[in-house]
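Multiple structures follow.
Common to both upcoming complexes is chain A, partnered first by chain B, then by chain C.
== the complex of A and B ==
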């Protein structure tokens, strides 16, 4: 080769695909090191009776005891139920708020860019800070929420937000909705802007009312975006830890204990890492199935 | 089916007047084409007619009903869009029936009318497909189908053929013409293509800078253009323009005395269509040295310089794609061999000349 011993001519037709592999390599290696390897380790751990996992210890004997225990544990089914409730409540509320705000700020009006910024604001606030603010808002003695409810005459004595199971769940859900809806809003807005103006003009000539245009044009055209966004929001709720952990720690009476909180608690409070790994693996399987189901529906609509 | 009366419709954005006092009376069943260069206001007029944009002034009546401030859906019109605006998530049948569905028409009536329209447009086999599975021509048919199932009082078409390739465009042009013959629905068609206007229209409305230049049938538009703009816009290749001085009913062109209408006096702009120049001697004969010869098989375009005395005026702006300076074009049918640089004998009939006032651009007859 003319360019010396180390020259590597990637422009040759026969080597065109090399560049792709070379560029992919760092990301693939990184993912293998920080995701795939721990994943394999935790699947492995879930089949062992391990307290504190240590890589320098020999493998414990294979057992399915963790899974047997898991599926018979009321705590696990409770965590599943709490997670499901959170997903349904938070996802639907995020979509109503997110789509609504996106539709609003998609209109032309004065101060639109400011409005768009405000809608997206909660997304920019760090999760822990948001949670601390909400913890103050819902403080049972000094909180804003009790004062508002009292002033409006909705309640006659203060609610103890963090010791009542239903109230605690409501607080967690509210915080997650506030933190989660801007993502839906941003994604929907991007989707809305890609819908050609002519579709609406044609629908108006066809006599479609504003509501019919939303139902028959906007929503179907947004379906691909909505599908992907639903999956991402759902996975975020599955894995979110800091909001619940900081607000309630999973309590009271495990009313806000999701699968991720339960995993953390088993692994790092009770040091049952084999058991915790089993919860993690089951969560992963549920997530994959849920994502598959959601994604499969979306392209059918377009 | 309806008569459409547009009376002094205006549109302005602040100080910018995109449409100035547009008045037009369209007879029931007429095919009217609005044509002009981009930015002439033709699409704005159509949108105002459809109710998609608000007029700054004036009134519109469709079938005797004042629709000036009526919603698009209440005007009993159907519109065909340049990029078809077919909904990607609906089947062809659902796209075509959309307007009826929005009006609460019973499902069996929708099915029947969609079938009927599909048969007329020969898209019956495509009804269950999605728009993205269709070719450009098929999408165009479906878009037309969506308009005709509604059985509206008028069709509005906004450059419906401009996304098709040249061959398909010619084909669809004929089909739209035939469809209009068959249905007899009042149609207003917007295009920038003068050939579409000439071939399809009962009447053409030529616009420029928001103003109507001339309203006439295609023949008249070609034979008796009202002004320089119309003369240059209609015809392909465009009209040749020469400058000359007229006195006592004559002027000199190519060194020859040529009679002109008595109204012409002083500086005039003379228009002569390329197809009105013939090979060989005739009423007014002159020699020309071709600088370029284009042969299209059946005909030849001969490019040659205008004589110094008749150089076209510099201010004369022809349409943008037709800037040819002082070069003239002759369109010769069945001419013998013509070579670049070798003199040829050409002639024209002075009765074919168009005379314009160079100051106002208006035709002198």
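== the complex of A and C ==
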């Protein structure tokens, strides 16, 4: 990091110190009003038996019933399992595709800049539009996917993608992979370009094969980028709402209901906002742990 | 280094094939929009319509207030990005240059806030906006999007300011500039690319939101954002994929154009501070 650690104590350190707080104040006030206060309300709601959140009414008596109900609910554990499954499947596929495409367009060839643009293009497609695309491709009656599978002889009758639990999970995962891999690709490409050419030249002199260069230079040099990217991709899947909600709404039979979807459904379909807040608080705890882990990996970022 | 001819052919073939497969869904969206609705109900599917139906865009613009939706999305994004940039520039500069008590914990909080699911904040925000009567108004969506954007922009700008040498403002201050003057007259002008990348990224974050729009604006049709409008079409006539696809193209176009022409800035924003 450029600049080092010494602070800007050129003329009057005390006054500049004071200025630091002034500059920070608007952000702190705004964050306090629209993020911290809502978070406190959320924790508070999770300890009350609340249907629809009404802040202008006296708060209900303190209860831990929401949490007791949550941890004994099979739906909650199902949502945890679905979330975990989705994170594992989508993250690994995003890495294979993302790293693969990054390595491919990192080669030198004519039209490389166009290829780079195209390869990462799904990143720029809004999630809701990606859902429209894949909902149509996986349409049960006239969708392209059924036709392709039938023509290839992989299936002998059409799959009803959105009423079969495993099929619906596959559709959700496919859509998320398509939306998610470009981010890995972009990040890996940036990492690849920061590897000095000398390393490869030296390896070539020593007679290293292409595979050895990948194994002993490229991948180790990419490790820091891969670490941060993995956390970010996993969190994106963990948080995602629009892809799953618009595509399947969490169904069929809760097969695609992640913690995010469950929170939203409890709050805005069943109007159990106290209970939903309890699920939200559990996701908050997971986020804090993830943030701490990232911080340990990249403490220089602060 | 020269590659042999077969190696080069193989490279080109794999690039073309990879791009074709990965871009195919976007291509299919265009084909679907341009096909006659009854043609979409025929198998085998046609990979390019016999007579592309360009009039579909005019038709959909007449039937649906797409421009209103796009305008609302733009308004929400502009409002949220403006608010976020103002507070983030100051905060990012402070975190980058000053030793502030609690700065570390604020940084950790911002990092955590970046990771919060919208589904967690949406419940208390719903309560707060109901109490203040903001539900259904553009302010509800602007403030909600600011919760998404501020953590990102503060984090990105802090990282960007870190890359600017301190000697710059030290020189300005020796010449008699006040610390605040140094920020506005020296640091901000040289940070223009970083500011642009950050604002653009904030814009994309706001444009992509669905959760907040669906929760706060569902009952206020005049304020629907583009994403919310599209999803109501999907639920409504599930069979008319040509129309939905045409509307989707119109909604996706602004971001795709930004991506194609300003990719360097967007990618710069994405990768800033994460390759350390």
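Simple rule for what comes next: the second predicted complex is superposed on the first by the 268 of 302 C-alpha atoms of A that agree within 3 Å, B and C clash if a C-alpha of one lies under 4 Å from a C-alpha of the other, contacts with A are read in each partner's own complex, and residues count from 1 in each chain.
Note that a residue touches a chain if its C-beta (ideal position, glycine included) is under 8 Å from a C-beta of that chain, and two chains touch if they have at least 3 such contacts.
What you see is a predicted model; the values in this text were computed from it and never measured.
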Request  = Superpose on chain A as described above, then tell me if chain B and chain C fit or clash.
outcome  = fit
Request  = Could you say whether A:105 touches chain B, chain C, both of them, or neither, answering first, second, both or neither?
outcome  = second
Key: Three-chain overlay, vertex chain A: chain B-chain C angle, C-alpha, nearest 10 degrees   = 80
Message = Taking the superposition on A as described, I'd like to know which of chain B and chain C A:67 touches: first, second, both or neither.
response = neither
Note = Across chain A, the partner (chain B or chain C) reaching more residues is C
Request  = Check the residue A:287 against both partner chains and state whether it touches chain B (first), chain C (second), both, or neither.
outcome  = second
Request  = Classify the contacts of A:20 with the two partner chains as first (chain B alone), second (chain C alone), both, or neither.
outcome  = second
Query = Which of the two partners, first being chain B and second being chain C, lies in contact with A:149: first, second, both, or neither?
reply = neither
Query = Which holds for A:134: it touches chain B only (first), chain C only (second), both, or neither?
reply = second
Task = Please state the minimum Cα-Cα separation between chain B and chain C in the superposed model, rounded to the nearest whole Å.
result = 5
Ask   = Taking the two structures together, which residues of chain A meet both chain B and chain C?
value = 301-302
Key: chain A residues within the chain B interface of the complex   = 196, 198-199, 201-209, 212, 216-217, 220-221, 223, 301-302
Query = Which bits of chain B are touching chain A when the two form their complex?
reply = 50-52, 71-74, 77-79, 81-83, 85, 87-90, 98-99, 102-103, 146, 150, 156
Note = chain C residues touching chain A in their complex are 8, 11-12, 14-15, 18-19, 22-23, 25-26, 28-29, 32, 40-45, 83, 86-88, 90-91, 93-95, 97-100, 103-104, 106-128, 130-131, 143-144, 146-147, 150-151, 154-155, 159, 162-166, 169-170, 173-174, 179-180, 204, 207-211, 215, 226-227, 230-231, 234, 241, 244-245, 248, 251-252, 255-256, 258-260, 263, 266-267, 270-271, 273-276
Request  = State the interface residues of chain A toward chain C in the complex, per the touch definition above.
outcome  = 1-3, 7-8, 10-11, 15-17, 19-21, 23-24, 26-28, 30-31, 34-35, 37-39, 41-42, 45, 53-56, 97, 100-101, 104-105, 107, 109, 111, 115, 117-137, 139, 141-142, 144, 147, 151, 178, 183, 186-187, 190-191, 194, 224-225, 228-229, 232, 235, 238-239, 241-242, 245-246, 259-261, 263-264, 267-268, 273, 276-277, 280-281, 283-284, 287-288, 290-292, 294-295, 298, 300-302
